[in-house]
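These notes concern the structure reproduced below.
Chain lettering (A, B and C) follows the sequence in which the chains are written, and residue indices restart at 1 in each chain.
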Amino acid sequence: MKISSTSSRAAGTRKKVLRRAVVAAIAMASAVLLAACSSTGGSSGTRTISVWTWYGNQGMPNNTPLAAEFEKSHPDVKVNIRTFGSTTDYAPALAAAVAAGKTPDIFGPSFSAISYGQKGVALDVKKALGSDFLSQFFQADNDQFSSGGKQYGIGWNAQSFGLFYDPAVLAKIGIQPPQTWDDLIADAPKIRAAGYIPLTVPSSPSYGLADFVGPLITQASNDPTLLLKIDSQEDGKSWKDPAVVAALDKFQQLVKGGVFDSGLLAVTYSSAEQLLTTGKTAFLWDGSWVPADLKASSPNFKYDVAPNPAWKAGAKHWTGDQAGASLSVSATSADMKDTLDFIKFIYQKDRYSSTLNAAQAMPATEAAAADVADPHVKTMTSWLVDGLGAPHILYGAGSESGLSDVCVAIVEGKTTPVDAAASIQAAVDKAKSK
Amino acid sequence: MSAASQNLARRSVRGRLAGHTPGGRVAGYAFLIALALVSVGPLVWMVLTSLKPASAVFNGPLVPQHPQLNAYAYVIGNLGIGSYFLNSVIVTSITVIGVIVASSLAGYAFAFLPIPGKRVVFGVLMSALLIPAALFLIPAFIELRTLGLLNTQLGLALVHTGAGVPFAIFLMRSFFENIPTELRDAARMDGAREVTIFLRVALPLSLPGVATVAIFQVLFTWNDLMLSNGLIQDRSIQTLQPALYTLVGEHASNWPALTAALTIAAAPVIIFFVAVQRLFVAGLLAGSVKG
Amino acid sequence: MPSTRRIIARRPTREFLPGILFVLPAVILFIAFVGYPLVSSLYYSLFSWAGYGVPEFIGFDNFVNLTQDPNFQSAVVVTVVYTVATTILQTIVPMLVAILFMQKWRAGALLRTMIFIPSVISLTITGLLWQLVLQPDGGLLEVLLNRVGLGGLSRPWLADSTSVVPVLIIVSLWQSLGFFLVIYYAGLQGIDPELYEAARVDGASGFRLMRYITIPSLRSVTTLVISLNLINGLKVFDLIYAMTAGGPGTASQSLGVYLYKLAFGSENGASAAFGYADAIGVVMMIAAAILFLVVSALRRGRRA
């Protein structure tokens, strides 16, 4: 009997608890619903344009003054800047918005600008903005977004790649930045003996290696159009081209020459920068976004940058160009006029220069190239002005992953350059049949 | 189960595994303490790193000599964390309430009531557990747009609720199944309606189950990145995880800022769990895992 | 039960009514926000569709192409290895630790809480954190190994195709040990003590008690743990994507990671392939459903 009395008392208490819980839950739910509804109220009377990128370190942070400046001169327009952390969070959000026909007015098209254009997602900016407007950009940045006489994106930051180094470390080792890859291989034992990794390349995700090897194909052939033709499988060019084999062979020589760290394949973009700033590596091969990154993470670090090593002494220092950060305009924008106005507004010469200089980011226009303030970015931009740009972004189906995968296999000693070239072509053939 | 019989169970399982000899005791303690340290070690290191100046991350001692909160000031100042935090609380609250209401009703029905095609319906609901989230985002987006709920916290919470309901039903059903049938039968004899039995008899006896479901759902919803990142577009109503992820991307090479952001993202769920863990274990004890 | 059946026979519709009303909210929520969207998505597995533009109907071509896709095959291998290893480890280790916890330990509750904490953190944060911990230069593991004079053991763990998947499996165990431990611990408390007393009377002790009483009594808990592990293993994405993005190369690219890359075209030189990703999703769901059925059939078979 004792048991039953306890349990009925417990049941009574439980009932009270439950009743209170239900009341509390209802109160909470209604409060929360009210909050949810009130917070979504649209702004009436004003037009809104949205800008989605992941260029927070490259002149388009969430709190960019560009939005407020534009709103000041266009009082009836609201600019919604949405800057993501990386493509990891950006790509799914954009894919969902595009799939549902709610494409942001302006967005970073990543690798898909031409595909977006051909499927009616991205606007033909050649028609909308005019050739005069587009002529201020580096040619390579226009070419990468063009197909069939139309253009579906414009560069936000141009890119080039070089060797970042700490001059004090080089002095300690007693070397100069290498002029050729063979110089670097020759210096490698000395650098290792001094306790440094000779060369660090961001290789995780593995497409970092494709960025590294791609320009070697231009270096091997001295023809900056070759890789573009191979990528699009035009003019009878294929990945079995001798220049591809030569480039992969050079990469294998670098691997076998002990130029890289044994942990190469786990080096992320951020850890690569750390290896430089913490004095672990002699040279960091990386892109022109590094100055902006280092400004944020290690503002007191002193470094310099040297050109991409050349194929042989006296040869051109070809380096990867093309814009990694770029902008496309939605073909279905509800407010096309303001959207295009905003594009023209942010690329006005002084505004564009000062925006990018504030971020230590590289401009995509020749005019702004003359105004670059940061000495390292200025050096890296000058390579593009000097015509040393070589393609490195691959658009063809299967190209990017095909090249990355064989680079990994070469690092792991699992393939030869000839076999590797053939297997990229096989991967591309397979991808095309999808 | 009474305290006495629990104690008995405890003693009974003891056996001769590790505990009877003093040496075994020491080895057992060493093992469990090592396990606990390995479990929290990386998290402690994360917090310690966030308290260091950027220059001392790689060179200084593991424990910072002069801990500083600069990284937190920077992250919080950069982010406006308060509103994101509140947004996460709103979305999580709606979701948890929705999931509890829907899953306790359905769990009760699956446990006790006749439903046409019961096993099939249950199986279809459970199949949702197998869905890769990546496949789900685009159609959910289109669905919310159709319903006019895109870019609202309510819409996001409803998707979370729909996705959370199957597992919650699975849990609630096993809690209800542990209720002695006599109790239900007695209430029926008294002429009580099904709703009354559910509210007055079954649910009060299954409050530990409700607590378990709530805890699971808080963790799922609070930790979600992909859905809220994809379905909410205005930063003013965005939740905490996507906002923090933006910082993670921007400051990947600034370890104090990065670890501070990770700490801020992880701390609320850790504190929440430590606060409610008694309920959680009690809940699991009360039913779900007896099957 | 027989009485219920008789009532159904007499007044079927009225008898069904409460049940239907009770499941209705859940079913509506599920159909509206999960079921319908998902079915409408899986339908695209029969199309060539980038996620935008006009879908082109191609029948079962996506599935045919899967059979010849080396990346798909390697992703299957990675996923199977990961799923089998995590399921075995994350079923057995938590069970043994839970049994150990059944003895009286001072501060046992504190130790259990400490072990549990990793499992409340999101997998993305876990992945990012462990990427830092394992970093060859300045990561926690390297620093600790150097401290205790074992610096020679330090490796670029995530850089090596042979070590990357085992490392991911261990991180997964780190993350989920506490969660399954608590489930087992609760299950152990539910075992009827009389079983042990009876066995003791028969002279059983130690490992024999564990073998013949403890483990069989945990059968339903174990089934739950195995099922959860199989599902999580087959779907694994966040942890791997945050730590390695599937690399080096494709060495740790699971089906979930490959599907994600295809669906959103985030790293695919060309365009996204949502239809193709959908086809992988269909295969994954069928595989998971079969596994599910096998596990529950085994469970029923054992019971009978």
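Here, a contact is a pair of C-beta atoms (placed from the backbone, for glycine too) under 8 Å apart; a residue touches a chain by one contact, two chains touch by 3 or more.
Since we're looking at a predicted model, the values are computed, not measured.
J.: If each chain is a node and each touching pair an edge, is that a line, ring, star, complete or other?
T.: Basically all the chains touch each other, so complete.
J.: Of the chain pairs B-C and A-C, which one is connected by the greater count of C-beta contacts?
T.: B-C
J.: List the centre-to-centre spacing of subunit A and subunit B in whole Å, with centres computed as mean CA coordinates.
T.: The answer is 34 Å.
J.: Using the average of all C-alpha atoms in each chain as its centre, how far is it in Å between subunit B and subunit C?
T.: Spacing between the chain centres: roughly 15 Å.
J.: On a C-alpha centroid basis, what's the spacing between subunit A and subunit C, in Å?
T.: It comes to 32 Å between the two C-alpha centres.
J.: Could you check subunit B for residues that touch two or more other chains and list them?
T.: 58, 134, 138, 140, 142, 225, 245, 248
J.: Taking each residue of subunit A in turn, which ones touch at least two of the other chains?
T.: Residue numbers touching two or more other chains: 88, 92, 95, 99, 268, 271, 274, 278.
J.: Residue numbers in subunit C touching 2 or more other chains?
T.: Residues 51, 137-138, 260, 263-264, 274.
J.: Where on subunit C is subunit A touching in the complex?
T.: Against subunit A, the touching part of subunit C is residues 48, 50-54, 65, 68-71, 131, 134-138, 155-161, 241-242, 244-251, 260, 263-274, 276.
J.: Taking the complex as given, what residues does subunit A use to touch subunit B?
T.: 11, 14-15, 17-18, 25, 28-29, 32-33, 35-37, 39-40, 50, 54, 56-57, 61-62, 80, 82-86, 88-89, 92-93, 95-97, 99-100, 102, 268-271, 273-274, 278, 293-294, 296-298, 300
J.: In the complex of these two chains, what residues of subunit A are touching subunit C?
T.: That would be residues 87-88, 91-92, 94-95, 98-99, 110-112, 115-116, 118-121, 203-207, 261-268, 271, 274-275, 278, 280, 394-401, 404-405, 408-409, 411-412, 427, 430-431, 433-434 of subunit A.
J.: Give the list of subunit C residues in touch with subunit B in this complex.
T.: 4, 8, 15-16, 18-20, 22-23, 25-27, 29-30, 32-38, 40-42, 51, 97, 99-105, 108, 110-111, 113-118, 120-125, 128-130, 132-133, 137-138, 140, 143, 174, 177-178, 182-183, 185-193, 196-197, 200, 205-207, 209-210, 214, 219-221, 223-224, 231, 234-235, 237-238, 256, 259-260, 263-264, 274, 277-278, 281, 284-285, 288-289, 292
J.: Using the touch definition up top, name the residues of subunit B that touch subunit A in the complex.
T.: 54-55, 58-59, 87, 90, 93-94, 97, 100, 134, 137-138, 140-142, 145, 150-154, 157, 199-200, 203-205, 207, 225-226, 229-231, 233-237, 242, 245-254
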